[in-house]
Amino acid sequence: MPVALGVNQYGKAEVRVVRVLRDGDEHSLKDLNVGITLSGDMAEVHLTGDNANVVPTDTQKNTVYAFAAEGVGEIEDFALRLGRHFARGFAPIRRARVQIEEYGWERLAVGGEPHPHAFRRAGGEVRTATAVCDEAGEWVVSGLSDLVVLKSTGSEFTGYLSDKYTTLEPTRDRILATAVTARWRHAGAEADWGESFAAARGLLLETFASTHSLSLQQTLHAMAAAVLEARPEIVEVRMSMPNKHHFVVDLSPFGLDNANEVFHADDRPYGLIEAAVHAIDAPPAGPAWNPYPLL
Amino acid sequence: MPVALGVNQYGKAEVRVVRVLRDGDEHSLKDLNVGITLSGDMAEVHLTGDNANVVPTDTQKNTVYAFAAEGVGEIEDFALRLGRHFARGFAPIRRARVQIEEYGWERLAVGGEPHPHAFRRAGGEVRTATAVCDEAGEWVVSGLSDLVVLKSTGSEFTGYLSDKYTTLEPTRDRILATAVTARWRHAGAEADWGESFAAARGLLLETFASTHSLSLQQTLHAMAAAVLEARPEIVEVRMSMPNKHHFVVDLSPFGLDNANEVFHADDRPYGLIEAAVHAIDAPPAGPAWNPYPLL
Amino acid sequence: MPVALGVNQYGKAEVRVVRVLRDGDEHSLKDLNVGITLSGDMAEVHLTGDNANVVPTDTQKNTVYAFAAEGVGEIEDFALRLGRHFARGFAPIRRARVQIEEYGWERLAVGGEPHPHAFRRAGGEVRTATAVCDEAGEWVVSGLSDLVVLKSTGSEFTGYLSDKYTTLEPTRDRILATAVTARWRHAGAEADWGESFAAARGLLLETFASTHSLSLQQTLHAMAAAVLEARPEIVEVRMSMPNKHHFVVDLSPFGLDNANEVFHADDRPYGLIEAAVHAIDAPPAGPAWNPYPLL
Amino acid sequence: MPVALGVNQYGKAEVRVVRVLRDGDEHSLKDLNVGITLSGDMAEVHLTGDNANVVPTDTQKNTVYAFAAEGVGEIEDFALRLGRHFARGFAPIRRARVQIEEYGWERLAVGGEPHPHAFRRAGGEVRTATAVCDEAGEWVVSGLSDLVVLKSTGSEFTGYLSDKYTTLEPTRDRILATAVTARWRHAGAEADWGESFAAARGLLLETFASTHSLSLQQTLHAMAAAVLEARPEIVEVRMSMPNKHHFVVDLSPFGLDNANEVFHADDRPYGLIEAAVHAIDAPPAGPAWNPYPLL
């Protein structure tokens, strides 16, 4: 049976570049993990192994380092610069997708004074940006991963659908914990990325904290909506939030009460709640959410 | 600005169920990691926290265990049974996606004889299956992950596009190594799943070994095409193959030659090559490839 | 040939307990990973499978939860309470080792005000404590893991021993980066653990920042010595510090300078520097540093 | 308070070398992860940063590659060659410890015939070897890690010590599953390493399978003793075996029996059973079991 090539993409993943900025004796850091994904006229390389249209992934890596030499700036801008370079600079390349993870560093203090060139990794949370560039346009998606949050009360789960396999008891008071992955699509390719990121992140956290939760879905939606309502430059928010279950330990065999004080933090299985929320008049998403990796 | 709920899904991830089958004294094992993802009339739970349409993820977990009690069989069938249960059994649930990882076990031998109830985990490779069930139909995707393969010769990379950031030298002889993730979509929801899986896996491996590689893209396409050409029950193959770089170590400072004998196995960055290949007359994929997780 | 049982120990590892403290509406969290390791008269269970001397690991887990109900306090105290319980409460148990990891949480703010029950995981850094209790005494070791720090200058590496396999160029200016694992042994089993931990951690960080580094060994020793010199309650410091290599990228093929501005953060291989430093008059370490796990 | 330098060691960790052996068209692979750890006259580098006695870890890495060019052979021999080089070749270096992980590869077949240069990674199991060389002698420790095994019956746990925190019910039939880490010390520095490894591994597996288990301690001891009794070249065996709990799922709420057929494979917490068993007349272990890493 004849076969045909479908969706395809290739590139260099996980280019780990650290850029030191030197302002006299005072240094600052940009610590990035950059992935490039290209697509275009790639039938020949798949069918015959003719690499004439292939920008080697090694070259992509070199380009990341060379561009970093000229400065990084906000990761959305760095992703756009790289994306435009690949999408516009090579005839066979029709689309470039650049995804960046940024790891935060905090300046150490010595004797109460900030040190000019010593730093501490700020934590598990990661800031992300993706730029997609092709002939039809440019899309920028900002985001964050591994933002682990927990409410020790102010969360219920009741009134759910029940069947013969349901054993869960409704609860008016539970721990709600999750590791937020959020991505938000911008209306355009220009913004004050740093200010926008800080504001969106703050809205996610404030809304998580202040929403009395009836379900993780409701909390997720409130978080996304808060960003969309306050930030006109953002037109869509997608979130993936595992329900990191904390089970109340039964201490009654030991003659002890447990008034939601002692919990077992379980690993697996876990609930996984995912949704997109968008502004009513959001422009089309185009290839912004195309899966990467493909599988 | 008014907002709207977009794509959304929820469920229980990573239900780790081990099913022992007892045939007299002789046991066998099914060791699974099951994920359920449901979608449907979920506006209320997002907007108001009303859980009336929500099948709790805890119930989903219970259902996996209860269904396992009745037997597992091939994981494609187990995924379909669970998928149909959720998609057909609850009015608000319109679609169920069930994804399963299966971990292989080999029987231990004692004195040259296979032991009836002692086993060894077979390795890193994982067999996978996904079933998607909704009102419009059923889709089954089989696959495998973490199949790590390597060719120590028979791989070239030359003739690629070059620009001012290109430093890579062409090579007529390199190591080609990858960790194959492959997923293949079936024409329908009935097949001899076990036989089909073994044949597809064998074709992937044989084609990897016997193809003289001019690029990883060409190898990927040849592997996918081999499956499609030999197996009419399979209509699309998607693959994701990292290029696990093995760099020839420069031993000249030590007065030693290195005729492709000593390599450094690098971790990051790595190339990532991804493509879909389908039969010309493949039926529509519907929701078979919808991303999970969403982000 | 006759065989004999040597060193042995057993216990429950990774009890993940989260303790919520409720002070009216204001909550706080203790998030712990607790491991228990017991040893004693265990010949029979190894030789014949007679479990009469075995406190089940399931019981150990229950005990952690029950003790947590009574309050956790500083992890050194919690480890001691558990250690004494097991070492003193069961005739066949001669020694108990309790090791605890504590994960930090920061209170979220809403409208600039600290929220009473919403928290954010503070980062990758982990506080640790180990208590060992036996008939001969008690030992307490505090510590931390995964404290990732980096200096973008102020680090040299020159004057090393050279042989025919040496290709490294000396450098007067390099990035020095590491993930600190430190453990410090206390003189006794009583201290203001929280204040002591904060002070020791601060000394490690300040010394890392302010020491002009000629080698990672020198930096390590200075960090340990700073703690010992300032904190009389601490008598020995052991540290394990990987040299997380940051390589200057050669940008000359692209006509670009790289004055220590663009680095590749490599994963493997890495240097690993380890040492113990102790006060001259430190009391004997006894079993404080016995390996756990054994292998 | 004056301080003193205690135990210390340093080296290069995780040198990932792949050695291709070419016998005409037929290739074979050695895939290794090598760590070097040196100790000796290292006071100056710690106290003043004088590196005159320091063999750079970069040189250590180069040496691994250069030695690999001359052939690898059995990993015990490769570790000894490297260990002797460092311990004997540099005046300030008094002891070298070389630890190697070997990853197995299986030859792929095409049309039923073994392929000359295409391979599949054999699984999660890892073969290990450590050589320690100093002025007093040489020690060789072989071993394996991540050998995951399971018995679906033939395991009991009863008759244990009980207290007020005990809730576990005794059982006459449970799943016993573990991931074996084993290390065995050789009498000397010469042996038929490959044959010895295969035999020891076989004895561990056969004994695990054929021992009716009353406790994991008993199983561990039987496995170790079987090796010592059959293999005179091996004088001590140390094992670390997590009890990978498989809990019988309670299906009674769904009107279903569960006669040890449906299990939940849990992650944490887990039991951890560790012991050393040695031949009565074993020579002293010297530094063979010194901890690496130190913490």
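Letters are used for the chains, namely A, B, C and D, taken in the order the chains are written, and counting of residues starts over at 1 for each.
Note that in this section a contact is a pair of C-beta atoms (placed from the backbone, for glycine too) under 8 Å apart; a residue touches a chain by one contact, two chains touch by 3 or more.
Since this is a predicted model, take the numbers as computed values, not measurements.
Trainee: Considering only chains that satisfy the touch condition with chain A, which of them also satisfy it with chain B?
Mentor: Joint contacts, listed by label: C, D.
Trainee: What are the chains that chain A and chain D both touch?
Mentor: Chains touching both chain A and chain D: B, C.
Trainee: Higher C-beta contact count, B-C or C-D?
Mentor: C-D
Trainee: Measuring between Cα centroids, what's the chain most distant from chain C?
Mentor: Farthest from chain C by mean C-alpha position: B.
Trainee: In whole angstrom, how far does the Cα centroid of chain A sit from the Cα centroid of chain C?
Mentor: Each chain reduced to its C-alpha mean, chain A and chain C end up 30 Å apart.
Trainee: Starting from the mean Cα coordinates of chain B and chain C, work out the distance between those two points in Å.
Mentor: 38
Trainee: Between chain C and chain D, what's the gap in Å when you average each chain's C-alpha atoms?
Mentor: Centre separation, chain C to chain D: 23 Å.
Trainee: Counting only residues that touch at least two other chains, what does the list for chain A look like?
Mentor: 16, 62, 66, 165, 167, 253-254, 267-268
Trainee: Would you mind writing out the residues of chain D in touch with chain A in their complex?
Mentor: Residues 164-165, 167, 253-254, 267-268 of chain D touch chain A in their complex.
Trainee: Quick check on the complex: what are the chain D residues that touch chain B?
Mentor: Interface residues on chain D, with respect to chain B: 16-22, 27, 29, 31, 62, 65-66, 68-69, 105, 108-111, 115, 117-125, 147-154, 175, 205-206, 208-210, 246, 249, 251, 253-254, 256-267.
Trainee: Which of the residues in chain D end up touching chain C in this complex?
Mentor: 1-16, 35, 37, 42, 45-59, 61-63, 66, 89-90, 92, 157-163, 165-168, 181, 183, 213-215, 217-218, 220-221, 224-225, 228-229, 232, 236, 238-240, 242-243, 268-281, 291, 293-295
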